[in-house]
Structure formats: structure tokens, C-alpha cells
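Both of the next two complexes hold chain A, though its partner changes from chain B to chain C.
The block that comes next holds the complex of A and B.
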């Protein structure tokens, strides 16, 4: 008998992007899909089996950003940074791509293996938006799966991408946001210092840490202070 | 171009964000929600007592307190 391979994935996304619906589609869990803010503040987990894999699915709190200003955002980003899931699925509301992709960029900056689930494709179309899925995938350097989670469409394709990502060696997205010469120089300096500390650079993606330090991110500064004593 | 505070605009008025003042978490949150300079913003409606107000930004609706909107300078178009 073949041993089932176990992987962990995290679901991230803006509030009301359909994250909980995707979670239920994947895990078959019967949970209430509510609309209050903070409906998924507790850690929700489920499992599903697909092609010999046991996939642990962790539902992260719905967030617009990954700063250190709200407990939801800290929970979401600490899970990604510290638990290092095999893949993060970012549920993007296709009818509101511009705002939603902001979170996607932050996830890419964290260097996490990312899959974009482009949800609510039907709503985007009814608003007259046409999204070139393959071009988006090419530009961001990550797989993009079109979905209509409320009609259970796209779940199989998403599972296939998850398994494909778990099977291949992790290659972080090649997309990189250019902050301009001045900032890039400072990022490069910090990144070099961070990379010299082996433990630190193993725990945190050096470029992400450098950007967070420049932002004056309180959590990151606090963590480093504690570490350095 | 004349600039006004977003909090001074009336329903139906629109403009381009010139600057978001302030600091700290509210400031960062406004930027996170897409209220960055250069973005188009339309005032959709304002509550009876003038607070809060609903705006359209980057293709979605956002409701702001008047004091938050007062940190946002807009070039009226």
C-alpha cells in the first residue's frame, strides 16, 4: 500500500472573497457561511484527500493586508511565515481584482508558494470584466485557477494545482515589485545583513524582512529585538 | 487644480486623491484599502448627519468616518 503523503495548505484572502465557501468545498465541512467581520478569527482546519494526498486545509482570517496593525493580519502572516505551509491559496474576488491583488503581492513578497484562486468569475463577467487568466498567471509567475465556489466550480482544478505544487520543488514566484532606486538600495543593504545571519534568513525571507523593517513594522522589530537580546 | 478634503465633497462629486495625511494604523489602513494618491474617488452618498460617507474607489464601495475622510486631500475634477 502506498503511504499517503501529507501536505498543509493555507487559505488566504480578503473578507468576503469566498474563502469559507472554498474551504467548505475542499473539506466538505458543513459550516455556517456568515457575513460578519471576524467570522473566521478562530483557527479552522479541515482535511481532504486527493490523488493519494492528505491535504490539511487551514482557513486564515480574511484580511486586506498583512501589516502588524490588526490581530487578524498578524495571525495570518505568522502562520505563513512560521508554519511554512506547502502552498498558500489566495482567494481573489474576480469582480474586485485591483484591491484583492494587493494582498496577493504581499504574499508573493513573503516568498510563499502561491496559487491564486480567481473566485466569483461569474460576477466579474456580469459586471463586464474580462480577465485574461493565463496572462495574469504569466505576469505574477504563479498558477491562477478561475472558480465559482458558490456553484462548486473550479474545486478540482484547484486541487490539481495544489498537488502539482506539492509534487514539484518549491519555486517562489518570480514576480518582484520594484520600489524604485532609492528604496531598492536600502532593501539590498538590509537584505545582505539579514542573509549573513543564517538562522534569521532561514526563518524569514530576507527581502520580506528588509521591507518590513523599512516600513517600521512593530511586530518584526519586536521579534528581532527579542532575538538579538 | 483646487484641492478639497474628501470629507467636504458632496454625493456625486469626484476627484483624484492628491495626498493622504496622518500616520499610524488608520493611515496605513486607508492606504491598504486603496486610498493612495492618484486614485479616482467618487462620493456615493453621505449619511443624514454627514457622517459616515460612502465612496467608490478602485471599483468598490468603502464607507469612511468623516474624521478619516478629512485626512484625504482630493483634486476635484
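The block that comes next holds the complex of A and C.
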């Protein structure tokens, strides 16, 4: 007998990347609007059935970055760190890849199982932008799905990648950005200290936490201060 | 290994990096990421050597123009109200006839108290509020269109320059425009503002942005007293709200909330043709709140008003408060009662009049009936509309200010200062206006 498998995915992306349209395409009318715990930011959730999977889709707030400077960004990254969704789909505006990828890079650094949905391909093409999708996918080490969400194109391909990712349970984390000798030395020092702490290394990817500390991330510093009592 | 040691190591690393780079590590990290991306782009993205000037850019030359942009924004806003009116008249007539018929039918129900309850209380009170569902939905539809097509971001950009002068910036503009729908989600939307003082200022001036619940009041009286200039009169209410918000922002930034405002780069998303589904969804999301309110809180309050009226308890309450409003021209007990209950939700102002004056004339003439019964002049009606615009937004807005500022100080401040300003403005309108009539 086949068991219905349940997976959770999160939708991330910049504002105006067509995230809401992708969310609607995936979940249709099966949506539920609530609040993120403790704050009054709207939280949209929906479900979607595909190939025997029940996929819970969580719409993260639209953000450009994952710093601690706004509540939206903190919500988005806390969800990814704490709930560990089976896949994170980053909706990238294909006509503005350069800026949109800044978020993707940060998601990759968190070690999330990432899928890049390259949305609004038609607009990119009409501007004469040619994107080498397979090369992009190869260089980042994640699946890249071209989409035109406003014409409902690419949803099936996206669902396929989501299911494939949930099935294979591949270890993500191939991505590693080189920050240069000086920074890498400091990252390594902190990373080692973090790895020695069982609780911290279980909760956070050590390299990510080290980078966050060097960014002077207030949320992370606060967590470390509070927890030590 | 204690976490304190990690934080100490962090401090050492940061100090070291600062001495090496003469910059915060944060900046260096961000630069490295951008560097990586630009390298990635070289291998994966090919753009035409000279990017064609997109249609977006051409439109922006006009819409984001320093002076023309402001004019276009005001013209569009005016157009939105004209559209709201013109398109909603037939729908309102239709609903009006329906409720009028129902109220007539209910009048013959016995016993008489039940007939009065159903006819005056429910159909008169709730019906008079529901009649304004079409303009509210059409206003939201128009706002959804401006938002979805990418115009609202341009308006924010145009306003950015002006907002800098009042110590705010364009990011405060979107929550302010959202306030035209409902102040509650608008105040929640201020969360994207990073600077705490910018955010608090935006929260405190938000109630001046005239929400959808106030629209019924304007339409009711503009229709009755300013037949040939309805659109203009309603537009002037929104304008008064915006002017007051501007003045208050300036005052707050110079006094209680002094300090530098944050900087940020406004982003201009490309223009897009909104999808019908998207428009309808956005309109419905905002509009359904009013239907739900009409069925719950408005219904409950209107029933309370009817009960107090039927038992004769309402008039003494009104008479006790009415003198406060005498210098404003609307010192009648019915107006006082409507304003007191309007504290709970602004639609109730209309609902209360609907219950008090529900008669055979039908709801469509409610404004005329109120004017006749209370002997109001257009000047008094205008002052009344202005007072409704300015005084305490509603209980829900106060509650959200309490939650978002996490203190009772700011909601209490909002209640106090909006009543004071409302009273002063309406008094000035009436007293100065009386000199000329």
C-alpha cells in the first residue's frame, strides 16, 4: 500500500518577482491565511497534491536579503533555519537575475535544499536577455526551472523538481562562496568553535552562523547572548 | 565551550578584519557576494550591447517626472474617486430599492416592536451600511489596479522627494496609501520600515488616511448637500486627511520623534498588465472585511443603537454629549450619538442615522432626511464629514497601534490628539464658514 507522503516547501523571493502568482498556481483555492507566530505579518499557506505527495506550501515574506534589519527578513530566515523545509523555492525575476540572485546566494549559504524558479522568462527574452539555464544550474549546483507564472507555464516542471528533491534526499551544501583569504581565516576560526558546540551545530549550519557573526548580525548575537544565561 | 567565548572570538575577528579592510566585515561580505554574482552573470547571461530603452523607461520619463509626476498622481487619485462614484450609482440604487422594499414589508410585521426592530434596526441600520459596499469595492478595485500595474511604486517614488521634506521617505508612502483601504493592515505594513522613528511616525499619521469605512459618510452627505460637486467634495476629504498627515509628520519629527530618517533606494518594478484574477483577489481580500464587519460588529452595534432608541435611553445620552459639538454646528443629539458609536467603527455613523431616521422615504434619501430633520446646511455637513475623517479612527485601529507599538502610550496619544484636531478643524470650518454665509 502506498502511503501519502507529506512534504513542506517554502516559497522565497524578492518583492515583485511573481511569488504570489506562483503560490496561487501551486495551491489554487486551497489556501489559508494566518499570522506568523508572535507577530502580525501575514502568513499564507496552501496545499497541493502531486504524484502521491501532499505538498504544504508556505509563502515567505518577499525580501531582498536575509539580514536582521527587518522583521520580514527575520521571519523568512527563521522559518528556513527552524522548520527546515524539504525544499525552498526561490522565485527569481529572470529579467532582473543579477539583483535577485543575491537572495539565492544567501539561501544557498544556509545549506537549504534550493530550487530556483526563473520566473518571467518572457520579459527577459523581450528585453533581449539570454540566460543559459543549464549553465546557471551547473554553476550553482541547484535545479533551475524556467517559468512564466502569469501564463501558468512551468508549474509542472517545478513540481517535478520539488518531488525529485524530496525523493532523493540529496545532501545540499555543495555551494561555497570564497570570501578571500582574510575573511576565510576568520570564518574558519569561528566555524571551528561553533562546530565544537553540539547544540549550536545541530541548530545552525556552522559556516552560515560564522558568516552571520562576521556580518555583525544582531539576531544571531542576541540568540547567543540569551541562551548562555 | 561556552557561547560567550564564541562572541569574544567574533569581536576579535571583527576588530582584526576592520584593521585589514578599513571597512566593516559586513560590507566586505556583501561585496564578495555581488562579485560572485557578477562573475556568474558573465558566464550565464547575455544582454544586448545597448539595452533597448524599454517601454517601462519611456513611461517612467513622464510618470516619475518631478512636477508632472505629482500632478498625474493627484489627477489619478481624483479619477479614482470619480470612477468609484459614477460606476457605483446604479448598483447602489439597486441595493437601495431592495432594502427599501424589505423595510416596507417589515413595517407591517406585528407586534410593532418586532416590525421596528427588523425594519428600522436591521434593514435601516445595516442596510444603510451595506448600500455602500459597491463604492467600497470599486475603490479597492481601482487601488488594486494601480498597485498591480506597478503605478503605486512610481507614486511612492514621486512622493519620496516630498516625504524627505517632512522627515519621512517613500517607504512610508505605501502604508499610507494602503490606509485608504483600511488603517489596520496599513499600520501592519509599516513593518517594512527599518528606522523605528520613521515607523512610529508613519503609524501615528496613518489614521488621517481616509479609510473605506469613512467613505459611506462622505457619499451620504456629499450626495445630499453637494449634488453637483460630489466627487470634488469627497476628494477634498481625502486631501484634508493628507494635508493633516503631512503637518503632523512634520510636527512629530520636530518634537517627540526627532532624529535622522533612514535612507534607502526606491525600487521601480516593471509595469505589468494586471491579471483579472489578481485584481479580483486583491479587491476581495480587502473588501470582504467590510462585508464581515457589516454582518458582525456593525450589526451588533446597530442592534444596540436600536434597542437604546426604542427604550428611550438613546436621546438622554445624546443630549448629554451634544453641547460639546454645538460650536461645530452639529450639536444635535442624533449627531452626537452617531459620533459616539462611530468610535467603534466608522460605518456605524451612517448605520446610526439609518436606524434613527429610517422611514418610508427609503435609504437613498437618508442624507436629505438627516439634513432636513437636523436643519443642517452644506457648511455643517462639510464640517461633520471633516470631523468624521479626523477623530479616532476606530477601535480596531487603536488596538493595532497598541499591538504594533507595544504600549498604551501611543494609542492613548492617538485618541487624544485626533479628537482634539478633529474638533478644532470642524470648529474652524463652521465658525469661519459662517462669516461668509
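Methods note: the second predicted complex is superposed on the first by the 214 of 229 C-alpha atoms of A that agree within 3 Å, B and C clash if a C-alpha of one lies under 4 Å from a C-alpha of the other, contacts with A are read in each partner's own complex, and residues count from 1 in each chain.
Note that a residue touches a chain if its C-beta (ideal position, glycine included) is under 8 Å from a C-beta of that chain, and two chains touch if they have at least 3 such contacts.
The structure presented is a predicted model; accordingly, all values stated were derived computationally and were not measured.
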{"item": "Touched partner set for A:131, first chain B, second chain C, both or neither", "value": "second"}
{"item": "Which superposed partner A:194 touches (first chain B, second chain C, both, neither)", "value": "second"}
{"item": "Comparison of chain B and chain C by chain A residues contacted", "value": "C"}
{"item": "Touched partner set for A:160, first chain B, second chain C, both or neither", "value": "neither"}
{"item": "First, second, both or neither for A:102, with chain B first and chain C second", "value": "both"}
{"item": "Which superposed partner A:71 touches (first chain B, second chain C, both, neither)", "value": "second"}
{"item": "Common ground on chain A, meaning residues reached by chain C in one complex and by chain B in the other", "value": "69, 97-98, 102"}
{"item": "Complex interface listing, chain B residues touching chain A", "value": "25, 28-29, 32-34, 58-60"}
{"item": "Residues on chain A engaged by chain B in the complex (per definition of touch)", "value": "64-65, 67, 69, 96-99, 102"}
{"item": "Residues on chain A engaged by chain C in the complex (per definition of touch)", "value": "15-16, 20-21, 24, 39-42, 69-72, 95, 97-98, 101-102, 105-106, 123, 127-132, 135-136, 139-140, 150, 177-180, 182-183, 186, 189-190, 193-194, 196-197, 200, 211, 213-216, 221, 224-225, 227-228"}
{"item": "Chain A contact footprint on chain C (complex, rising order)", "value": "1-7, 9-10, 13-14, 16-17, 20-21, 24-26, 28-29, 32-34, 36-38, 40-41, 43-48, 51-52, 54, 150, 188, 191-192, 194, 267, 269-270, 272, 275, 277-278, 281, 400, 403-404"}
